[in-house]
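Okay, so here's the structure we're looking at.
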Amino acid sequence: MSGNTLGKFFAVTNFGESHGPAIGCVIDGCPPGMALSEADIQPDLERRRPGTSSFVTQRAEADLVEILSGVYQGTTTGTPICLLIRNTDQRSKDYSDIAQSFRPGHADYTYWRKYGLRDPRGGGRSSARLTAPTVAAGAVAKKWLREQFGTTLRGCMTHIGDIAIGFEGWEHVCRNPFFAPVADVSAIEDHMHALRKSGDSCGARLRVSVQRVPAGLGEPLYDRLDADIAHALMGLNAVKGVEIGDGFASVAHKGSMHGDALLPGGSARFASNHDGGVLGGISNGQDLEVAIALKPTSSILLPRPSINTAGQPVEVITKGRHDPCVGIRATPIAEALLALVVMDHALRDRAQCGSAPWRAQNV
Amino acid sequence: MSGNTLGKFFAVTNFGESHGPAIGCVIDGCPPGMALSEADIQPDLERRRPGTSSFVTQRAEADLVEILSGVYQGTTTGTPICLLIRNTDQRSKDYSDIAQSFRPGHADYTYWRKYGLRDPRGGGRSSARLTAPTVAAGAVAKKWLREQFGTTLRGCMTHIGDIAIGFEGWEHVCRNPFFAPVADVSAIEDHMHALRKSGDSCGARLRVSVQRVPAGLGEPLYDRLDADIAHALMGLNAVKGVEIGDGFASVAHKGSMHGDALLPGGSARFASNHDGGVLGGISNGQDLEVAIALKPTSSILLPRPSINTAGQPVEVITKGRHDPCVGIRATPIAEALLALVVMDHALRDRAQCGSAPWRAQNV
Amino acid sequence: MSGNTLGKFFAVTNFGESHGPAIGCVIDGCPPGMALSEADIQPDLERRRPGTSSFVTQRAEADLVEILSGVYQGTTTGTPICLLIRNTDQRSKDYSDIAQSFRPGHADYTYWRKYGLRDPRGGGRSSARLTAPTVAAGAVAKKWLREQFGTTLRGCMTHIGDIAIGFEGWEHVCRNPFFAPVADVSAIEDHMHALRKSGDSCGARLRVSVQRVPAGLGEPLYDRLDADIAHALMGLNAVKGVEIGDGFASVAHKGSMHGDALLPGGSARFASNHDGGVLGGISNGQDLEVAIALKPTSSILLPRPSINTAGQPVEVITKGRHDPCVGIRATPIAEALLALVVMDHALRDRAQCGSAPWRAQNV
Amino acid sequence: MSGNTLGKFFAVTNFGESHGPAIGCVIDGCPPGMALSEADIQPDLERRRPGTSSFVTQRAEADLVEILSGVYQGTTTGTPICLLIRNTDQRSKDYSDIAQSFRPGHADYTYWRKYGLRDPRGGGRSSARLTAPTVAAGAVAKKWLREQFGTTLRGCMTHIGDIAIGFEGWEHVCRNPFFAPVADVSAIEDHMHALRKSGDSCGARLRVSVQRVPAGLGEPLYDRLDADIAHALMGLNAVKGVEIGDGFASVAHKGSMHGDALLPGGSARFASNHDGGVLGGISNGQDLEVAIALKPTSSILLPRPSINTAGQPVEVITKGRHDPCVGIRATPIAEALLALVVMDHALRDRAQCGSAPWRAQNV
């Protein structure tokens, strides 16, 4: 019941701390016979890598992944795949001053309450850096899903702070440092420049969409596909809300309007996708549509009242290198988490229903 | 990796279909030595029972729970507790006409795609009726948490359809059939009467709050407390969104405003609770604050275009007895799910950190 | 991490006590579309039922199984299957006198140490009666394996007390109450009559063999097929030893003699089966050969020194109805456990390797 | 449901292949606050290291363990502990000639059947080398158990080939390369010299004993302490049999003789230990007594008939460096596996029963 493992069959066990010697993960349950090399994984790591623009932390990590096991002569063997990423840029001194005090909104307080001690270097285990192994594992899942079903994943930022970004097209996402689906990001740039000058941080809202998901993935109760998606994404640093399909907007909907009408045709088509691709916890073959809310970075330059480990009042100022908006680099991470959930359920579904004749229509 | 089990240590395995002989669950991992009888469980079942007002389904089920195992002379023995609820009111004929067609927005299509067959009687496994065993198991968790930590859970409805209900006080919740925290529910009654007359349905938004949760519950990555809360609640029928603390409102927040300042004092106190009681996936000792969005009931009396199992166009009208708003009876279910998650993490935390000297301050 | 669940994908959760209202289990993960009724399960329950001969406990239980869920119109739906067996013959008074003292070799002492209390009625949870739900679940697994791969399971008794029974043929097993593979069981009968007269009990050694097991079942490390077989069988009441293939005889073997030579031919054949069908934790397509040792029944009529819950010396005499040799009724239970392990691994293997082209040769 | 993970709460996930860049494991669930460094782990690795005598494989590996995570300033933090061991001595060419053929009694055939491909270098994942991470993880468990309960583990060889070694005392075990509990091992040396000269291999029988195990560890059904011990040890390379207490000798026992009488006294004492410390699947406070049978090494120098991947007959001769008796180095591995099982159950028991007043007597 390892709490640091995601997935029940395609199981990813994550390890490491921000400033330890290395971070990484072990993937157990990967199907054998898939071509895999570091080159399949590195591109996604590049997308979430720090130091790529002036709008994210200036920590400079190469984030080079090394495959330690599970691959022989460029092919997965079916045995556990260990992915290792060495930590190279560690300025522990930046954090020494906050080792004994707690940042408002930061996990350092809760770690201390749970474990009685914590690794203060760069946030230790609670650092967003630990999402790198998740992204690496997600790249493996993405490749298998793409080869098996033609599944594709796309994510973008839809809101940053109080700015609604709007949606012009997926093609814009890779052309700006914000993963924004619009051509002109000058307004976002101005907002972020002003934010950094103020020493403050802001939140963001992201959208992730998955195309060509087989119908039939998910379990009736508890381990529903949408439940596991919510588990994976709410488990991402700073996420405070998750929506499937129309999400909270569904509250004001009428059933006559919300229910997606099924249309006649070879494989089922629908007149709309208010449900975001999941019905009764099981995928219906439509695109999975997921949205998440990320809170503002808790580590900011502005002084704030807090307490220290002795319970005495202190004023906390967080120096060091931090993302003014953790949401900026979260898009590839959210994609990876979604890929891991879909991958896990694809294997679970194959276990239980794999031999059923009607399954053919799913691929 | 049973998909119908909730929790890793306090593990609840749910079984049954709406119109089968019985529904129920098996609780494994319950601590021994706790006084327990049906009288501890029945009250919560009464709160979610159908037929209690003109605003919910008129299906009349006694929903009497029977403890089949795990209790000896009124005390839990530490062995699995099986809770059984017999189905008594089954009008299968009501559903015979829709056995071969699919309701827009309903799980009957996805079950058919996954399993190649389905139990159409009352929605079979996908019926909201299957939340009864969850509520029963939740009552056991609530009792243990209350006796162990003084933990209490409270839920209410905050929106129904396009009506914002507001919050006047918890004392009102038990005085109206909507679990609304207000004295005057006439506006809600009018809304629901009109809705039923129209044959349509609507969504709802609920809030659940947990008091006196020990600090230190949850795991660093993946199995975070908030992640498991999201998993449990997104797994509830019709839920399309989950928020912790300020949820999606956090997007527009500044870090300087969002981070909850810690105040000096014996046990940690905070100046605010934007984070809803969870930091870095671990409880911080504040109240857990959770909100969920439920979509409109998919079974409505209005005719809608759809297809049948042969892929041909049909018009679907759902007769039978349905809740015009599934959110109305969802409050005790959401409380139960939250109790199950907190209970599971309380035991998991005790396993790993139970002997640590600093844990004393947690109870 | 429910400790009362067997299997990770085909997961059987067992509940109940010997003298509670009922015992049973929930099977999660059963493939949909398989014909199933009580008639498929009852025959195996009959084989392990008490009161069938003068050599086993005279407790008279009908052991009628009821399918409460997971089956619709005679076909598995893919949702959890709850199997219920009501307890009908409960003479609690037989056990009242031993409620406060501990039987040497019996679980009542360890339950008391673990839980601080115990259900003394008929041994409560530790009663061999709790193997009935396991047998029922095993019957479901047997049916699926038989239909999917033509897999068959056969068990027999090879030793009882100090009598080596020998092996004349499987056809004899169903013709005597001992599951002995020999035509003449008079020696066994004499032995058991003398044993009962003496008020004592004895142990037994059983063999279980599985034919037509697909090659490729099992995982490289830890969850090996043989490891999970050992887990399942050592978990059976009174079992103190498990062997795969030549077992302990392998110690004195030379590698040149022990290694089973592979022979040319369409699908792999072997010159011998010293390894009992498992190599490196993975099935090789040969018959699975397993042997187990069961200790003597701990509940005997002879007086023995012991202590009570106050730690004071007492003399214990166990009245009531007990099997003089628990091994006699263990054969169908061991078959069921083996079927459950193979079933679980068949589904796990399909999840990971199901789509591989070379898998065709496995069925 | 990762198949390469051992333990449900103290969960050890193993990765790597014999000739890949590295092997290792991730331990999740380790309690925080325990002093830990490589120096606590290396000694056990030395005990199972190859090349230490002329009676084991001459492969020369330093087997230096590196702690990559989960430890800060010499103390466990409660987060996952990754233990890495680099592979340094890899003579892949030794194995190239057998890449396309199958060794009788070796896993290379079953891996090929399961995965459709295999890593032939040094046996890949099936190599006994993969027990090194298990030993490393076991050292962590041993330390915690010793500090918590004073638990100690001791293992020795009792039979090698057809030689019964006997037992003179634990003090001899560390003084000879066979882990034999006798002063004079000349007979064993002669046997092994003759064996190596013949190019053949032999099996072995080991005993492992655990002292000061708290009473109350284990679960009623399925996940019994003895069941999980059998799972862990049968999962060790070459093991074909596992016994608890008197094991197979129990078959010929009478209940009046086998049942261990409880003696009056402060904490329970017993007149004997035929049950090997486990009753009804739960520890009774006596020493755990476990025995295992290991088959002869399958890789031998003698020519044997076999087939190749094309199904054609071939003659196989295994060159390279192999242990003539894998049992020789298995003692520290068996100790580690037993420590991991007891550790896992100690945490699981604390989760469920940790707060019970009667637990004090257990430590």
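In order of appearance the chains are A, B, C and D, and numbering begins at 1 in each one.
Going forward, contacts are C-beta pairs under 8 Å (C-beta built on N, C-alpha and C of every residue); 3 or more make two chains touch, one makes a residue touch a chain.
Being a predicted model, the structure only gives us computed values, none of them experimental.
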Touch-network distance, chain A to chain C, counted in steps: 1
Furthest chain, CA centroid comparison against chain A: C
Where chain B and chain C are represented by their mean Cα positions, the distance between them in whole Å: 38
Where chain B and chain D are represented by their mean Cα positions, the distance between them in whole Å: 45
Centroid distance [mean C-alpha coordinates] between chain D and chain C, Å: 26
Chain D, residues touching no fewer than two other chains: 1, 3-5, 8-9, 14, 29, 32-33, 78-79, 114-116, 125, 220, 348, 353, 356
Chain C to chain B touching residues, read off their complex: 1-5, 8-9, 11, 13-17, 20-24, 26, 28-29, 32-33, 66, 68-70, 72, 75, 77-82, 114-119, 121, 124-125
Residues of chain D touching chain C in the complex: 1, 3-6, 8-9, 14, 102-111, 113-116, 125-126, 130, 159-162, 200-205, 215-224, 226-235, 237, 239-256, 258-266, 268, 271, 274-276, 278-285, 293-300, 302, 304-307, 311-313, 348-349, 353, 356-358, 362
Chain C-touching residues of chain A, taken from the complex the two chains share: 1, 9, 29-33, 78-79, 148, 220, 347-348, 350-356
